Amino acid sequence: MNGFFGMPRHHALLTVGILVFLVVAPTFIYPVFLMKVLCFALFACAFNLLLGYVGLLSFGHAMFFGGAAYITAHSAKVWGWPFELAILAGMATAAALGLIVGILAIRRQGIYFAMITLALAQMQYFLALQAKFTGGEDGIQKVPRGYLFGVIDLNNDLSLYAVVAVIFVAAFLLIYRIVHSPFGQVLKAIRENEPRATSLGYKADHYKLIAFVLSATLVGLAGSVKSIVFQLASLTDVHWTMSGEAVLMTLVGGLGTIFGPIAGAAVIISMENYLAQLGPWVTVVQGVIFVICVLAFRRGIVGELARLLRKSL
Amino acid sequence: MADFILETEGLTKEFRGFVAVNGVSLKIRRGAIHALIGPNGAGKTTCFNLLTKFLDPTRGTIRYNGRDISGAKPADIARMGLVRSFQISAVFPHLSVLENVRVALQRRRGSSFDFWRSERTLDAFNDRARELIDWVGLADFVDTTAVEMPYGRKRALEIATTLALEPELMLLDEPTAGMGHEDVGRIAALIKRVAAGRTVLMVEHNLSVVSDLSNAITVLARGEILAEGDYATVSKNPEVIQAYMGAGHG
Amino acid sequence: AQTNVKIGILSDMSSLYTDLAGAGSVLAARMAVDDFGAAAKGLKVDFVSADHQNKPDVGSNVVRQWIDVDKVDVIVDVPNSGVSLAVNGVVKEKNKVFLVSGAATSALTGPACSPNTIHWTYDTWALANGTGSAIVKTGGDTWFFLTADYAFGQQLEADTSAVINKMGGKIVGSVRHPLNSNDFSSFLLQAQSSKAKIIGLANAGGDTVNSIKQAAEFGIVRGGQNLAGLLVFLTDVHALGLDAAQGLIMTSAFYWDQNDATRAFAKRFAAGNKGIHPTMVHAGVYSAVTHYLKAVSALKNAADGKAVVDKMKATPTDDALFGKGEVRKDGRKIHDMYLFEVKKPSESKAPWDYYKLRATIPAAQAFRPLADGKCPLVGG
Amino acid sequence: MAEPMLSVKGLNAWYGESHILHGVDFDVRQGEVVTLLGRNGAGKTTTMKSIMGLVGRRSGSILFEAGETIGLPAYKIARLGIAFCPEERGIFASLDVAENLMLPPAIGEGGMTVETIFELFPNLRERLSSQGTKLSGGEQQMLAIGRILRTGARLLLLDEPTEGLAPVIVQQIGHTIHRLKKEGFTILLVEQNFRFAATVADRHYVMEHGRIVDEIANDALAANMEKLHEYLGV
Amino acid sequence: MHEIFGIPPQALFGQLLLGLINGSFYATLSLGLAIIFGLLNIINFTHGAQYMMGAFVAWMLLNWLGLNYWAALVIAPVLVGAFGVLIERTMLRHLYKLDHLYGLLLTFGLALIIQGVFRNYFGSSGLPYRIPDALRGGTDLGFMFMPNYRGWVIAVSLVVCLVTWFVIEKTKLGAYLRAATENPPLVQAFGINVPRMVTLTYGFGVALAAFSGVLAAPIYQVSPQMGADLIIVVFAVVVIGGMGSIMGAILTGFGLGVIEGLTKVFYPEASATVIFVVMAIVLLVKPAGLFGRVR
């Protein structure tokens, strides 16, 4: 079992569990909902790469999510680019944005880092609001889903689901690998004791920057896919509450756990979806859940589980 | 002419009008164990910070191996073989002892940017890491998380990690501070052992360690050099006795 | 046999538009079903409702799921232009019915018009036209706009400006403020120094309320300038109090105190809605659902959305709240609009007695001419 | 013999899950200087923190002047007349040196005047308006000791007060402890510098693995040197 | 007549003054937030909701008990502050040693609950609150018509800010507060009842928010979401000023009010964004904020 992607046994088991679930899920869960969960799970996992493993809290990740969503939507709708290219364009945008923001922000720490990323994200929000191509608060609507490799019709929810699931799994494994790579080891050392890492000759900023760009790119991937699935890119995607959502998912799932963000995304998105029917009490119920979460299940869903099993998850 | 690995010329550091280090010209002979001592607030730690570029000097130059490094960055300094330890213990607390040492080894071998590779590629460093760990007497602790070890052992680990970089010049800031007797002895022995083939500059208040280990001493007081020489010379200097050692020694 | 109908009310249940739509829209829809006597006519009607949180992606996701999983036949209300446009696309793709009451954007019957959508109550063009032309006619010929800086506000401003210019009035300036600005004093000061006779508020909700309130504080009206609210709901006036709102002129499709039928409706409605009286959005939901049920009970089938909408377009509308009217080819519901003025505190006799009628804008002139909308459905 | 001033019986303490002290027993009498010796991690600091009420969970009994303190919160314990100088010094970065020095409120009569403290530690006088944590390691130690001497607490808990100090200053502190003792203060001292401890203390307790394993009077020290070496691994 | 960037100087004075008035809301709010963050290590996301509660309590006092504005100015902060004390005692207390994030999540949840409950009870469009009679009307300053109420707001905010600053920076109590910010157990070991101090400080910070709420009630709509968007701006103010710096929070509050006011004249669309532009620039140039100290 140890052979699976170099994972320890319980990680491998869980990953296989997730794979099996992804295969059977569409038979009893609405596929569009599943896709939404996957997009946000990817968003949260990529965000967690930064928060959980570099110790940097970015409050501006909506920038990459929404930026990529806009570019993908625009290139697919207006320029008529095929699915793959549109997604790549979104990711490239996110990577470029990540590089710029990273260079500016990476020297700051803690709350200051969070605030500078928030500030830059708010500026981008302003640009998105003013720019013509983003369609203001109506967003870019009716984005064509197109065909994968020119043959597979993605307008069929199930085929699109299959593609999204594959993308998600691939990205998740990549994140897993990043965390458990020589690079990930250095990141860990930097998070633990930065002056010491520096005195050993590591240029801490370079490592953090690379991690930041990787995270931004993967978040961009999530945003791009989201815009295709919902055929929509809108201001919601670049608003600061979207960054907040990533934080929530990570916390609810379990900070610093590799599987936590997935669970967190599933919970938060389900909440958003099913509580929507609750009408006026939605936000109150949401609030109560957060409060209970912090007071009673501080480690998050997966974190608590990990504690019960005495394993890192 | 003597072979100096590190020379400073008129090194000065001011903090908002307060002069912490004032025109210090140090010469560290290659292969020596050089001790920097002096009363509290004399500027020893500040000197260290200047040498490793954690602080920028207000004035003065630093030459390492004949090269002017006054403009270099901390990480670059480390890459040139000038590695420091900290006054407060500096390990990676939630990594195991083995991982702590591997982090240092990994830096020397490159590959530390490989985010697509499995961390098992790092196992290649295990042998060398175990060797170093063994050497500082931590063989029984290889898989212990650093934070769980007693203080003295952490300092030993720190030295192992530093050695992994195969430094030419090691700077140790109060390596035995806060240590039990048992550990003081062990660390002193360790320093003696690792000093073979390299140069050590250390700040230390424990005079028995200083007298035991060092073959050159610089005494700082109020940011300036008060005296220089070997232990016997320095400890007889009345100014040093008055400012630092007190009546009990000498 | 029995025909099953499932109505999904998608509204803002937890934020800005809750009072003017929200739970009240659900109530209005239920009342429409009861009043129609659906059960007796062989219709089995179910409801679902949800909060779109003013997020287009949440809204479109809910609607997709409603249609695919819950077999919802018709989506109702959807205040918030962005969300309504997103829903518009999904409903068309799935061939169901979309009855818009809460959203303002005239794009729904313009470039984005759809054979599955009917825009029921009002739109930006109707508001701009009603208020703009009425005020210019009474001498308010120089305008300064306070515009919420997003598509809806900009469109309101543009539509109103067009009317004013056409009627010989003049726009002397405008300022675009961010959505949800708390403080309008700076903008009001700019409006004041422009010396325009009319300050047009091309914004909505809290922004409108705060602009009006602060205008009173800075003595704008006392200084001789007048405010025109381009999108003001009854609930906004209630929130402001007559003290601050008096004299405000606005266009509306409905007021509860128009005739016996509307009063009776309002009484029943308020009893079930924490005393909040019906806004035009609520009335629109009632009216739209009524007409929809008529069409479905005639067709005895709700599955084919386009067929139902065609039937609705073919049948003249007639209900207690909006009277007689029709649904145009582009999906625009046509009815009279009214110009109201907010009463002085001394004129108000009872709680919620807020408006007096200034003019009735006949249905034929109230809405954008069919030809001007650029709706693809109209072309042939 | 009089009642002990401080009497610790069966003290247990935990950090979270880990059980650190396993039944510590010892007494300190009025006017005495008593040291706790022991290797790193033996539990000396934990004992002090337990007395001060700074450890999350503890059980057993700590009598101060015959009153039970085990259930009290830290601030009430302090107000009984106990002051604590922590090993990590605890200088406040957001306060300047003068504010740091003046921070602890007086809790008893007969505290040192600021002037006396400056005589003891002349470095401090020059740096009064500096930010507290900008002082050198040793200067911070002086400040940490100085500020509790002001409070007039009758029982002083000093955790490794000589760590990182130059020999001259260590001697100064030795003199100070003698003087405090003469003035009737009681001191519990944790020291690694055993040679220093011998010059100031009346009695020594040796700790190992969270227990007191031995008690040695200062005048019996020479006789017990071998044992002590074994305990401390000197 | 001379013009400055196309604006007559009088108009510009007017705008500056208005900016200052808005700044006084930022200043009092960020002051409370800064104090709470400093001592409790918690980013009080309920701050906006508590500000809103202040306004609503004033409304309730007036409409249900017939107590006027002046009474509300005292009673509302006390009541809301007491509510804050309750929250601190029952919930926040368990979070101090944890990462900021948990406090943020908890207070965010509380804000959602409070806002939701108020919305369900009072509706979303808000309630009217009249300017107290003594402060109605306005004064012609020559360059602008200044409503008396606004003049009162700026004066009383200034006083409150300065008194608070003095207490924290210049008194013994303030030194305890600052020290407890860094190392609560140690301050406790000096004989100071830190938990009580923390509770009261939170209560005070919350009361400041409620006080702003009462001040705001006659100008802005008393509505459940009146504080929702404010919190992020106010937090930005605290960061720009330098976290932990009381004077920083105050000066930045007023300063940003003015900058925002000017933006409303020259580029109104960006007036909600300008604060973030300032924040980005400040943090790039001065990493710890304008008045912050790097620790």
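What to note about this one:
So that you can tell them apart, the chains are marked A, B, C, D and E in the order they are listed, and the count of residues begins at 1 in each.
Here is the rule we use: contacts are C-beta pairs under 8 Å (C-beta built on N, C-alpha and C of every residue); 3 or more make two chains touch, one makes a residue touch a chain.
Computed from a predicted model, the values in this text were never measured in an experiment.
Path length between chain B and chain E in the chain contact graph, taken as the least number of steps between touching chains: 2. Averaged Cα coordinates give chain C a centre that lies 75 Å from the centre of chain D. Work out the mean CA point of chain A and of chain C, and you get 37 Å between them.
For the pair chain A and chain D, the distance between C-alpha centroids works out to 51 Å. Separating the CA-averaged centres of chain D and chain E is a span of 44 Å.
Residues of chain C in contact with two or more other chains: 14, 18, 22, 149. Contact with two or more other chains is made by residues 280, 282-283 of chain A. Working note: touching chain pairs come out as A-B, A-C, A-E, B-D, C-E, D-E.
Chain D makes touch with chain B in their complex at residues 38-41, 87, 123, 127, 130, 134-139, 141-142, 160, 163-171, 192, 194, 232-234.
If you check the complex, the residues on chain E that touch chain A are 43, 91, 94-95, 98-102, 104-106, 108-117, 119-120, 232, 235-236, 239, 243, 269-270, 272-273, 276-277, 279-280, 283-284, 287-289. Residues 15, 18, 38-46, 87, 150-152, 174, 177-183, 185, 205, 207, 242-249 of chain B are the ones that touch chain D when the two sit in their complex.
Interface of chain A with chain C (complex): residues 30, 32-33, 36, 129, 135-139, 141-142, 157, 226, 230-232, 234-237, 272-273, 275-280, 282-283. Residues 52-54, 73-75, 77-79, 83-84, 86, 90, 92-95, 99, 102-105, 107, 131, 133, 151 of chain D are the ones touching chain E in the complex.
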